[in-house]
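You will see two complexes here that share subunit A, one where it goes with subunit B and one where it goes with subunit C.
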Partner chain A sequence: MLTVNDLTFSYGRQRVLKNISFQIRKGELCALFGPNGTGKTTLFKCCLKFLVPDSGTVRINGKDIRRLPPRQMARLVAYVPQAHHCAFPFTVSQMVLMGRTPHLNRFFTPGAKDRKVADQAMQTLGISHLSDTAYNRLSGGQQQMVLIARAIAQQTGLIFLDEPAAALDFKNQITLWQTLQAIAEQGTAILACTHDPNHVSWFCHSTVVLDRSGLLAKGPPGQVMTQEMMDRIYGDACRVWNINGLKIMVPGTMDTGTTNIVAFPGNRKGIHHK
Partner chain B sequence: MRYMEIDWNKAWAEETELWNQSAGKPCQGFWEDKNSAEVFAQKDIRQHKKRLEKTLSLLELTPDMRVLDIGAGPGNLAIPMAKKTAWVTTVEPSPGMNAVLDDQIAENRITNITTIRAAWEEVDITLLTPPYDLVVASLSLGMPDLKGTIEKMNQVCSGQVALFWHAGIPEWEDMPRALWPDIFAMPYHGGPKSDIIFQLLYRMGIYPDVKVFSNDFCEIFESMDSAVSFYARRFQILSPEHQPIVEAYLKEHCKKDDRGLVHEFNHIIMKLSWQLGDSGCSSTQGEKR
Partner chain C sequence: MNCENTEKLHKSILGPGALILALAAAGLCCIQAGTCQVPFSMVVKTILSHLVHWPDPATIPALNHTIIWDIRLPRTLLAMAAGVCLSVSGVVFQGCFRNPLVEPYVLGASSGAAFGAALGIVFPIFFLSVQIMAFIFSALAVAMAYTLARTGPDTPVVTLVLSGIITGSVFAALVGLLKYLAQDTALREIVFWLMGGFYYAGWQEVRILFAVAALGLGIIRISGWKLNVLSMGEEEAKSLGINPGTTQFILISLATLMTAAAVSATGIIAWVGLMIPHAARLMTGPDHRRVVPVSAVLGAIYLIVCDTLARTLTTAEIPIGIITSLVGAPYLFYLVRTRGGQIVGR
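== the complex of A and B ==
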């Protein structure tokens, strides 16, 4: 669905991305993971044709994005920004309906089908009850859900999310990732950048890890998120625990003798550990 | 407000800081590697020819002059100045710009330029060979401490100090000024202008000559994608969600011709200059009101 090949980009003399190559398949929920300043946002911008890279190519559905006009691009890929300032008090349903823009007829009037798709997207995110509320009066977490619903209503095969869980409380973080899993299961490829290694480990099929030297690894979290990898990224700041094959990252200072893991979010058929 | 209580050096520093924030990074970091610097140098010579000629004509160069060029960039002023004067010393921190300057010096077989690779604030003046007959800074006043910058210039000069800087709102600020309130709910700050320099100089006891000229130039893009990308690089604060807004703005304000997509700008430049040892410049006598 997404193929990034040998992508290189610099801001002035500062090389931000160097020879980045990876692929994301249909239905894959992939985390873009790495410390601050390693080029996650720049990589997004290049994949969305907002920045033209110095060299390398990005293909979506086999098509080189350099040859895709904006409207066609918007039918292939949706983008969920981190925080969204909205000066005009649109309602939630209006915001979600905006996701239909690339599919509208030449008079840009949404039809019954567009409204149905938007309603379904709100249902999926559990925000139907907010449909008539003004978007700019919602909490940060609710706004995030609306933006994701808008991306789903866009009905693209590929969705990019920039730090989707950053503004959410713990329960909503779990809901969000489970929602993303459900969307991916229906065949959508998702690339979400995140700072939380546990989210990568608990919820994602695969991860692309960036550090200052470039692409560190790409693969399933179970294989990629090793102690060696975490040491390389964060020094010795955290420990990786392995519980029945599931990796959990805890602070390196945590005392294993007195710590009891009671439960963790059950994406894998609700396994509980004691 | 009592105007005499305004600290103009602080005003300059604050506007510089807001400028950096508005773009998402400092302006000085924009053209840093050699490739970008080469693009800038070629563009500068092609599209800024009129400005460079005007700047040179206002400097009244003579063959026996020794010149200090602060923020020399790729040498678009330094090279022609070296041909008309005895010696030019350039001060430029960017490695990319210095690399292009080296090429220019070699290509033009220039033997009377010394290059100092540092920011003016960091230059150890004992390494210089003052006094210079002319100290010039052309569109290169990105330093937050302008007063310190000017005092240091005066220290190494026995003739004229000349600053070239923007007056009014240059047209390249039109886009961020139009879009930022909607996108980021904040106004765009395009950096301090010549009025602050004049106020600061006056307070320092320097009463400068002021000359004004207007200039126009353009950015040329091969496609809308490269135009959007150019501004996305310049303003790192922009994110992909702003693409339609930026594109709509550019569609309305660029024109298409056989060169590609052309974005034209007009701006006004002020030359503020003073003569050391002149009665109009009493910088050695401390602050005046």
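== the complex of A and C ==
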């Protein structure tokens, strides 16, 4: 689906990406993982043609993206940005319908089929009840779902997500990753960049690990997300625990059992401490 | 379901037929108003006699021909076309820059036009006409802002707005210089020109501005969907299959053409391009495919009403820029206080 070959990119003299190569297959949910400042976003932007790499190629479905005009490109790959404020109060259904843009005719008038695809996308994400609500009034988690629904309505074989879980609470993070798993199961390849090693090892089929020296590893998280790898990325800040076969990354110096929970008088409403 | 019904209702109220009807009615009322009272039926008869030669033009008093056909009708039509140009280019600039607070003059179109006009007024021997000078320098100012902002293949919005402000202030300074150098009569003329007005409206101006307005409105209406997508931001627009650079360039060029044409024909009329798109958005929602035609009609109606006020409120004529600001500011203030969330989408 996606083949990145020997990609190199620099901002001015500062080299950000060096000889990156990896592949993503159909139906693969792949995490692009690495600490801050290792060029995850830059790699993303090179793959989406927002930036032009110094050398190397990106192929989607075997096609070199340098030769794809935006419209053709948008039929092959969808991009889900981080939830953001929108300048005008579009409703959720209007936002999702915009995903149909690369499939519309020359006069950009969405027809019954386009509306149906958009409705189905909203159903998949469980946001149909929000369809007439203004996007800007939604919570961060709901906004992220809307943007994913838009990408699904775009009906591409490949979806890129930029930090999809960054603005979400714990439950919504889990819902989000499970949704992504369900989408991948239907044959869509997904590349999502993330900071959270737990998400990588809990939910993804494979991971591409970047650090300042370049590509560190590509493979299933079970093999890649090891204690050695964490040490290499984070120094000794992170320990890998294994609970019932599930890998959990915890802080390397964790002070257990000494935390006091103090109930504040003003806090009575929602929080109950046991 | 409820929302869908309201949407249908809005669609029927704001359908193309209804919009044109409203505009025609407003136009007739404005033509009828004036110091010299002409009965409503006579207004219709005079116009019909020119358009379809029925009733026979000879049966209409000559004074009516002069007042209705030679003075008020072209003036009203010119105000309409200027309203369309300014409000639609306001929609384009707000959409392209993803900012509901920008207006058609943001890239320096008005300051450029002012400088061109001032040149034409102060040195009448060297230059062709005030209008043509205003048009040339208006377009030139925007082109300068665009060229200054261009870095590599992209034209970032922030840089564009900044360089618009810079070129604008340069031309404003040059206008100041010309004012300082100008003789008393020329100075007076410059000041009047800067406040805008339709004093010199004739059929020639109407034809040119109408052609520009129709061309711009047509293409921008077709590009409504692209404007929606563009308002998501450049990267998202690209990922949705729209080439942001090209689309922005075409739309901004058209909007500049419309603004420059309107400014050169009528002087600087503030507020219309900022306020009308907001009013239209409150009526139709943010979808540019509807915002564009509705703000075109609202802009046209707003300017003909303001112009009618300008020429009927007092015995002398008040410059229309003053009226548009005095009427517009409280209205926009009211909108922002009561329904601000719907405009900027909070």
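Assume the second predicted complex is superposed on the first by the 249 of 274 C-alpha atoms of A that agree within 3 Å, B and C clash if a C-alpha of one lies under 4 Å from a C-alpha of the other, contacts with A are read in each partner's own complex, and residues count from 1 in each chain.
Just so it is clear, a contact is a pair of C-beta atoms (placed from the backbone, for glycine too) under 8 Å apart; a residue touches a chain by one contact, two chains touch by 3 or more.
Keep in mind the model is a prediction, meaning the values are calculated, not measured.
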Query raised in the report: In the superposed model on subunit A, is it clash or fit for subunit B and subunit C?
Result: clash
Requested in this report: Mind working out whether A:S10 is in touch with subunit B, subunit C, both or neither, as first, second, both or neither?
Outcome: first
Query raised in the report: When the two structures are overlaid on chain A, which partner does A:L246 contact: first (subunit B), second (subunit C), both, or neither?
Result: neither
Query raised in the report: First (subunit B), second (subunit C), both or neither: which does A:R75 touch?
Result: second
Requested in this report: Look at A:F90 in the shared chain and tell me whether it touches subunit B only, subunit C only, both, or neither; answer first, second, both or neither.
Outcome: second
Query - First (subunit B), second (subunit C), both or neither touched by A:D132 - result: second
Query raised in the report: Which one hits more subunit A residues, subunit B or subunit C?
Result: C
Report task. Please indicate which partner A:M98 is in contact with in the superposed arrangement: first for subunit B, second for subunit C, both, or neither. Result -> second
Query raised in the report: Between subunit B (first) and subunit C (second), which does A:A167 come into contact with in this model arrangement: first, second, both, or neither?
Result: neither
Requested in this report: Check the residue A:R66 against both partner chains and state whether it touches subunit B (first), subunit C (second), both, or neither.
Outcome: first
Report task. Examine A:L51 and indicate which partner it touches, taking first as subunit B and second as subunit C; both and neither are also allowed. Result -> first
Report summary line: subunit C stretch colliding with subunit B in the overlay (listed: 8-16, 116-124, 134-142 or 242-250) is 242-250
Query raised in the report: Considering each complex separately, which residues of subunit A are in contact with subunit B in the first and with subunit C in the second?
Result: 45, 48-50, 70, 79, 81, 84-85, 87
Query raised in the report: In the complex of these two chains, what residues of subunit A are touching subunit B?
Result: 10-14, 41, 44-45, 48-52, 66, 70, 79, 81-82, 84-85, 87, 160, 162
Requested in this report: Mind listing the subunit B positions that touch subunit A in their complex?
Outcome: 25, 29-33, 36, 94-96, 182-185, 225-226, 228-229, 232-233, 236, 238-241, 243-244, 247
Requested in this report: Flag every residue of subunit A that touches subunit C in the complex, lowest number first.
Outcome: 45, 48-50, 69-75, 77-79, 81, 84-91, 94, 98-99, 101-102, 104, 107-109, 132, 134-136, 154
Query - subunit C to subunit A touching residues, read off their complex - result: 3, 94-95, 98-100, 222, 224-226, 228-229, 231-233, 235-236, 238-243, 281, 285-287, 341-346
